[in-house]
Amino acid sequence: MTARIVPPPRHVIDSLLRAALAEDLSTAGDITTDAVVPADAVTAATVVARADGVVAGLDMGLRTFALLDEAITTKVGVHDGDFVTAGTALARVSGRSRPILAAERTCLNVVGHLSGIATATREVAGLISHTRATVVDTRKTTPGLRAFEKYAVRAGGGANHRFGLFDAVLIKDNHLVGRGIGATVKAATAAVGHAVKIEVEVEDVSQLEEAISAGVDAVLLDNMTPAQLREAVEICAGRCLLEASGGITPETIVAVAETGVDLISLGWLTHSAPRLDVALDFDP
Amino acid sequence: MTARIVPPPRHVIDSLLRAALAEDLSTAGDITTDAVVPADAVTAATVVARADGVVAGLDMGLRTFALLDEAITTKVGVHDGDFVTAGTALARVSGRSRPILAAERTCLNVVGHLSGIATATREVAGLISHTRATVVDTRKTTPGLRAFEKYAVRAGGGANHRFGLFDAVLIKDNHLVGRGIGATVKAATAAVGHAVKIEVEVEDVSQLEEAISAGVDAVLLDNMTPAQLREAVEICAGRCLLEASGGITPETIVAVAETGVDLISLGWLTHSAPRLDVALDFDP
Amino acid sequence: MTARIVPPPRHVIDSLLRAALAEDLSTAGDITTDAVVPADAVTAATVVARADGVVAGLDMGLRTFALLDEAITTKVGVHDGDFVTAGTALARVSGRSRPILAAERTCLNVVGHLSGIATATREVAGLISHTRATVVDTRKTTPGLRAFEKYAVRAGGGANHRFGLFDAVLIKDNHLVGRGIGATVKAATAAVGHAVKIEVEVEDVSQLEEAISAGVDAVLLDNMTPAQLREAVEICAGRCLLEASGGITPETIVAVAETGVDLISLGWLTHSAPRLDVALDFDP
Amino acid sequence: MTARIVPPPRHVIDSLLRAALAEDLSTAGDITTDAVVPADAVTAATVVARADGVVAGLDMGLRTFALLDEAITTKVGVHDGDFVTAGTALARVSGRSRPILAAERTCLNVVGHLSGIATATREVAGLISHTRATVVDTRKTTPGLRAFEKYAVRAGGGANHRFGLFDAVLIKDNHLVGRGIGATVKAATAAVGHAVKIEVEVEDVSQLEEAISAGVDAVLLDNMTPAQLREAVEICAGRCLLEASGGITPETIVAVAETGVDLISLGWLTHSAPRLDVALDFDP
Amino acid sequence: MTARIVPPPRHVIDSLLRAALAEDLSTAGDITTDAVVPADAVTAATVVARADGVVAGLDMGLRTFALLDEAITTKVGVHDGDFVTAGTALARVSGRSRPILAAERTCLNVVGHLSGIATATREVAGLISHTRATVVDTRKTTPGLRAFEKYAVRAGGGANHRFGLFDAVLIKDNHLVGRGIGATVKAATAAVGHAVKIEVEVEDVSQLEEAISAGVDAVLLDNMTPAQLREAVEICAGRCLLEASGGITPETIVAVAETGVDLISLGWLTHSAPRLDVALDFDP
Amino acid sequence: MTARIVPPPRHVIDSLLRAALAEDLSTAGDITTDAVVPADAVTAATVVARADGVVAGLDMGLRTFALLDEAITTKVGVHDGDFVTAGTALARVSGRSRPILAAERTCLNVVGHLSGIATATREVAGLISHTRATVVDTRKTTPGLRAFEKYAVRAGGGANHRFGLFDAVLIKDNHLVGRGIGATVKAATAAVGHAVKIEVEVEDVSQLEEAISAGVDAVLLDNMTPAQLREAVEICAGRCLLEASGGITPETIVAVAETGVDLISLGWLTHSAPRLDVALDFDP
C-alpha cells in the first residue's frame, strides 16, 4: 500500500524548506563557504544513514539543494517508507560545492527529523501487527510541521488522525457545556454537514452507549485500563470505531492493542521521537 | 544571569504562532467548538506541568490566545528558566471559551517542545557544573524553529553556538579545498571582516597548532577520546577556545568535560529532547 | 441553530481584507480623499440594504474600517443570517472621514458578495423545506474566497460540502483507474484513515449497490432524473446518504428534493449568485 | 485591437492561483487522488465550453497545472477574447494524472468566472455598438480579483475605469466638504500632479458647467434619466467625457447610450455576471 | 496646501518598517541590549536634526518603536514638510529601554533618508519659485521605496510624476514600433481607457505638433537646450503640458524653468539626494 | 580576493526584485507597452555605464528580466567589482520587447544604486591604500537594502561591519546602565556565547584600557581627533582592533588612516553615495 505515502503539496514543502534555509542563511549567506570555497568548485556526496531506521522526507530534503541551485543533481537510492540499515546510501548529490555546502544541514535536518518519526512509528506498529489495532498520530506536533510529521507517520506504517481542528469533530469533556454526550453529538452532526466525521471522548460505559446511540463514527477512550478497554470493545460490538489514548508506551501498547480496540493514538510519535542519524559524506 | 533569557523578537514569535494556528485551523476553524460551544461561553483554565522540568516558551505559548482573541487574559506563575515539579501551575488563562479551546493545543505544543529542550539542557549542564565546560547547541535544529530552540537552550542554562551559516565562520574539512588549515583560516579572516568569529575543525594535534597560529577564535575537536582532548587542552594552553563535539551523551559528558575543554556541543538537545508534558486543566 | 454561523478564523478574514484593500489603495492610497478631505474631518454613515435579502459578512465587512483606522467605531443592527428588507439599516460607522471613505468600497464589496450568496441559498432552501433534503455547496467557488463563500451558504441556511480536496474523499469516474467502485472505495478507506468521510459518484444502480457494500458514507448521483433518483433512494434504504447533483435549478429543485435524497448540491450558489445591493449612506 | 487584451503581470496571476490551490489542497493535498490513483498514471483531457460565451482567463487557468507539475503540457485552441459556442474545445491538457486531477477545479473556477464576465460584457457592448458609448467597469469587484475581473471586461470588449483609489481622482458628493465642485476640482488638480485624470460626479446641470469650467477630464452622471443625460450631452458639447452610471441594465442601456454619453459604467459586469460553464473532459 | 502631504497607506508603511526591523534584528534580536540592559529599564530620548533641512517620514519613523513595543510613547514637535534648523528637536520618545535601543537605527534610517529627499526637493523648488514650473520626480527610485520617496518629494514641495508603469502612459522612442507618434498615441488612447493620462516623449518640433494633434495630455522634452525648450513652449501654446527632463541640475534648472515649461523632472531627487543627519539623543 | 564578492542568497535577491517589480507594475502592468508594443515583438539592448565607476549588482539587476520572462537572455561583459569607464557595455539583453521594457527601470535602479555605493567605496579605499586601515560600512543603510548595500561595499573593496543587531555586540554609552565598561563587557561576553565578537565604544584613554582588560575584540573611537586616535593606537599596541568613526569624509580620511587605526567606518557609503549613471540602449 505505497499509494498513501504521498508527501504534502509542493508549495507546502517549499514553504518549509525556504523558511529553514532563511533561518540558516539569513541575508548574509554561508559566509564560511563564500569566503574559502571558489565559485567554480564542484563536488559530490552521499546521504548516508548512520543508524537503522525508516526513511522519510528524503525527496523533500533533497529538494533543498534545488532551491539553492537548480543545476545540482540528486539521485535517490531508497524511497520514503523503506527500512534501511546503518551505512546505507540513501542518495547521491552532485554539483557546485557552494550551494551543496550551504544546503547540507537543512537537508539533513529534514530527513533526520522525519525519519526519526517514521522509525518510531514502525517500531510500535510492529509490536501490534498481530492485532486489529492501527497506530495513529495526534495533534501534538511540532509547531509548523504538522503536515510533515503526519506524513512521516504514514511513511512509518501508521495512520493519520485528523489534521487539525478543521477537518473532523472531536468532542471532549470541555465541549459538553451543560449538555449530555448524546445531545452534543447531535448538535455537532447537524452543524458540520455530511462530509465530516464525528468522534467523541467518553469516560465510562454509559457515555459510550449514549455516544453510539447518537451516531458517532468513533469514540475516544482516554486513559483506560486494558480491562476497561476490553469491556468497551464488547459493548460497542463494532457499531463504531474505538480509539485508545493516553500515555500509551511501547511497554504498554501490546496489552492495549490486544483488547480489540481499532485505533491507538500516540502523541510521542510526533513530539518526542528521536532523530534518525543521517549524514552527508563528501567524496574524497 | 537572567538577562540572557530573552526570547526572539516579537515578529519572529508571532510568525511561528500564526503558522501553527493556521495549520491547526486552516480556513474552516475549530469546527467542533464552533458547533457546540456558544459564542458567549466563558471559561478559565490552568496550564500545568505534568512532569518535573525547566519551563521555556511560556509567554510565547500564552500569546497564542491573544492572537485569537486579545480579550483573553493570561497570568504566569513561573518564568522561563524556572525549574518546576510535576503538578506546578504555570499560568492561568481566562476568557471566551471558543478561542481558548481553539488555541489550547498550539499553546501546549509550543511550551511542551521548548520546555523539553530546556529540561534536557539543564540536566546535562548539571552533570558538568564542576568543570569549566559550557554546554552549547548546534545547527541540528527542527526546520523553522532554530531561534526558538536556541532560546530554550539558553533557558536551560546552556549557551548558543552560532545561529546559522551567516553569523560566524566554522571551517570544516570540506572547506579545505586544497589548502591547509592555516591558509584557509587566513583567507576566511580576510574575507569576512572584523565582526565575525572564526572557528575551525581539526583532526589532530598538528592541525591544532596550525589553526592557533593562524589566529582562530575557537577550535572544534570532533569525535576525540578524552585522552586526545586532554592533550589538545594542554597544547592549546588557553590560546583559543576548545570545543568538543560528536556523539557526546549524558553518559560520556563528564569525562569529556573533565578534560578541560571550554565548550561541549550537543546536537540532541535540539533534535531529540523529548517534550515536557504540559496540559491545560479547565476549571470545573 | 445560530451556533453554526461562525465565520472563518480571524487571520483568514484579515488576509482577504488586506488583499482587497491593497488592490484598491496600492501604494499611493486614496488620492481623491487625501487631496480634498481634511485630515481632521469626521463623519458618520449607515450601511443600508437596497434590496431584500439575507445578510452575510457584515462583521467582516465592517472590520475593513478597523484595518485602516482602529479608532473608527462600528455598530451592527442586524446579524449574519438575518433576513432584511430593502431599506434596512445594517450598521452604523463613525470616525475620521478619510479612512471611512477609503474603506467604503471594500466593505461593501464583501457584504454585497456574501449576502448575495446567502440570499440565493435561503431562496432555494425555502423551496424544499418540506422535504428531508438539505442544500449544500460545492467546490465551484471564486478563487481565494472558498471559506467565505461557504460561510455565506451557512448563513443562508445551507450546509457545507467538503471544504476542499483535503478534508473528505470524493471518488469520481476519473479516479477509477481500472478498478471497480468497490475496490476503489476500499483502497481509499484504507489509505486515508478513520477521520475522513468517503463519498463516491455512481452512474447507475449496480454501482450504487457496490458502493454501499464497500461502506461509503455518501453517494453522489450526478445528472439523474427524478425517477432515477427515486429508485436510488429506494435501493439505498438509508444505508448511506444520497446526494443529487448536476445542473439543478430553482425550477427543478423541488422535484429533486421530493425524491427523498438527503443532499442537493448547487454550484451556482457560489459561482453565479448575484450580489445583494448594499450601500453606505453618509449622514448629511 | 487585440493589443489591449493583456493579462495582469505574472506574479499577480501566480499569487491568485497559489492562493486558490492552497485553499483547495490545504496541507494534506488531494487525498482522494493520492489514495487511489497511482503516482505514475498519466492522462489527457480537454477543456470544453458547455455554453456559448467569450473566453477569458484560459492561459492563466491552465497555468494552474504548471504550478503543480511543470511537466504537464497544455495547448490552447482558442484565445482570450474569442467567442465560442457550446462544445468548443478550448485547450488540451496532458501529463501525470495526480496533478491534473488536483488542479482541475481551480483551473475551471478561474476560466469559468472570468469567461462569465467577458461574456456579459460582450453582450451589453453588442447592444450599443451603434452608438459612441463604451461599456466600462467599476470598483464593484470581488475582493482580491480586481485586476482579473477588469482583464475579463477588456477581453469582452469593454474598457476599464480606474483600477482603484490610487490611479485616478473621482470626486463624489462626500468629498465636497463645504466647498463647491469647482473649488474641489481645483484643489484636487493641484494636489495630485499632472499624471492623474480627474473625474467628478455631478447632480445637475449647474454643477456640470462648474466642473467643466474647473477643467475636469470626465463627469459622472449618476442615476439620470435619458432626458437628463441628453441635456448634459448638449451642454457639455465635447468639452469633457461624460459617464452615465447607476442601475443601468441590458434593458435600459440602449436608451442611455443613444443619449450620446461617452461611457456607461456597469457594476454588475464584475459582481453579478454568472459563470460560463466550462468543464474538463478526460479522454476515455 | 498641506492636504497633499499624506503618507502611503498604513499597511505599506508597516511592511517597510517590518522588513527593516527584520534585517536589523534577524531572529536573534538585539543581542547587545538583551545582554546588558535590564528588562525593566526605562529611558527617554529626543530625535534631533543635526543639519538644516525639511522633515519627512517622522511619523512613520517613530512608528518603528510601536512595532516593537506598543507601550512606547512618542510625541512629535514638528510635522513632515516643516523646514527645521540644525539642533531642532523633532520628537520625544520614552518607554522601555530595550525596544527603544533596538528600534533606534531603523527609525533614524527612515527619517534621515526621506528628509534628505525632501530637503533636496525644497532646495531646487526654491530656485524656480518665480517661474510656472513645478519640480517632479521620476521612477528612478530606490528599489522597494518608491511610494516613500515620492511622498518625500511631496513633503519637500515637489509634485509626483506617475507612480509606476501602471497608472499613466508614457510613450518613449522604444515604444514606436514602426509607427509614428500620432498613430502610437491614438493606439494607446484607445487601449487604456479614459481614466489614464497619456504623455509622449518627442525629439523635435514636428513630433511635438504630431503629439499635440493626437491629443496627448503632456509631452516630455528630453535633453533639450533652453532655446529648444523655449521654441517648444511657443509652439505648444498651452495645448498640453510640457515636461523638461534629462540631466538637469541645480546649476541649470533656473534656465530651464525660465523657458516656460510646466514640469521639470529630476531623477537625482530620489536616487542621489544625501541623507539628512538626524540622531536620537538619550536623556542623561 | 574575489571570493568575498559573493551576493546575498538567491531568495533574498528575488524578494527585493519582486518587491521592486510589484511597485512598478502594480496589478495592471506596463500599460504603455501592453497598449502599443505587439506581443511578439523582440528586441536587443545593451546595459551601458554613462560614467566611470565600479560595477555592483549587475547579475542581480539582470535577473529582473528573468523574473518577468525566463526566455530573455542576458550576457554580462564585466563583473561586479570591476572598474569601468563611461561608455562601457556592461551586459547585453535580448528577447521579447514587452518584458524587457517592463523590467528596464527596475534593473537599472538596482545596478545604479549598488554601483554608486561600490564606486564611492573604491574612491575612499584608494585614498588610504598606503595605510593599514580598512574602510568598513555601518548600519546606516536604506531600509530593506541592508544586505545589498553591504554587498556593494564589498564589491568596492571595503569590508563589512556587523550586519545588524543580531550578529555582533557593539556596546555604546547607552548600554552602560550604571556599570563601568569592564563590567559591561564581561556581562556581554558571558551572555552571548563564544561565537560572537564584542566591540565597545570608548570616550577616553582610561575607558580604552578598561575595555582591553575586559577582553574586547575591538574598540570604537568615536569623533576623535587624529592626535587622540594616535594616542589610542599607541596605548592599544595591537591588543585589539581599533575603529575610527564619526563624520569622516574623503577630506579627512587620510589623516585618520595614518594614525594607525585598523578600521574606518563611513555611514555615507550606504546612505548618501550618489547613483552611478547606467542606461539601457536599445539596438536601433
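Per-chain numbering from 1; labels A, B, C, D, E and F assigned in written order.
Definition applied: a residue touches a chain if its C-beta (ideal position, glycine included) is under 8 Å from a C-beta of that chain, and two chains touch if they have at least 3 such contacts.
Because the structure is predicted, anything quoted here is derived from the model rather than measured.
Asks: Find the chain most remote from subunit A, comparing centres computed as mean CA coordinates.
Replies: When every chain centre is compared against subunit A, the largest gap points to E.
Asks: If you tally the C-beta contacts for C-F and for B-F, which one comes out higher?
Replies: B-F
Asks: Could you give the separation in Å between the centres of subunit A and subunit D, each centre being the mean of its C-alpha atoms?
Replies: Inter-chain centre distance comes to 44 Å.
Asks: Would you kindly tell me how far, in whole Å, the mean C-alpha position of subunit F lies from that of subunit E?
Replies: Whole-Å distance between the two chain centres: 22.
Asks: By residue number and range, which residues of subunit D touch two or more other chains?
Replies: 3-4, 23, 25-29, 34-38, 102, 146-147, 163, 166-168, 187, 191-192, 196
Asks: Which subunit E residues qualify as touching subunit B in the complex?
Replies: Interface residues on subunit E, with respect to subunit B: 18, 21-22, 25-29, 34-39, 67-68, 102.
Asks: Could you please specify the touching residues of subunit A with respect to subunit B in the complex?
Replies: By the definition above, subunit A touches subunit B via 16-17, 19-20, 23-38, 41, 43, 97, 101-102, 105-106, 108-110, 112-113, 116, 139-147, 163-171, 173-177, 179, 184, 187-188, 191-192, 196, 268, 271-272, 274-275, 282.
Asks: Quick one: which bits of subunit F touch subunit B in the complex? Just the residue numbers, please.
Replies: Touching subunit B: residues 1, 3-4, 134, 136, 159-163, 166-168, 187, 190-197, 199, 217-218, 241, 243, 262-263 of subunit F.
Asks: List the residues on subunit B that touch subunit E in their complex, please.
Replies: 3-4, 6, 8-12, 146-147, 150, 163, 167
Asks: Which of the residues in subunit C come into contact with subunit F in the complex?
Replies: 23, 26-27
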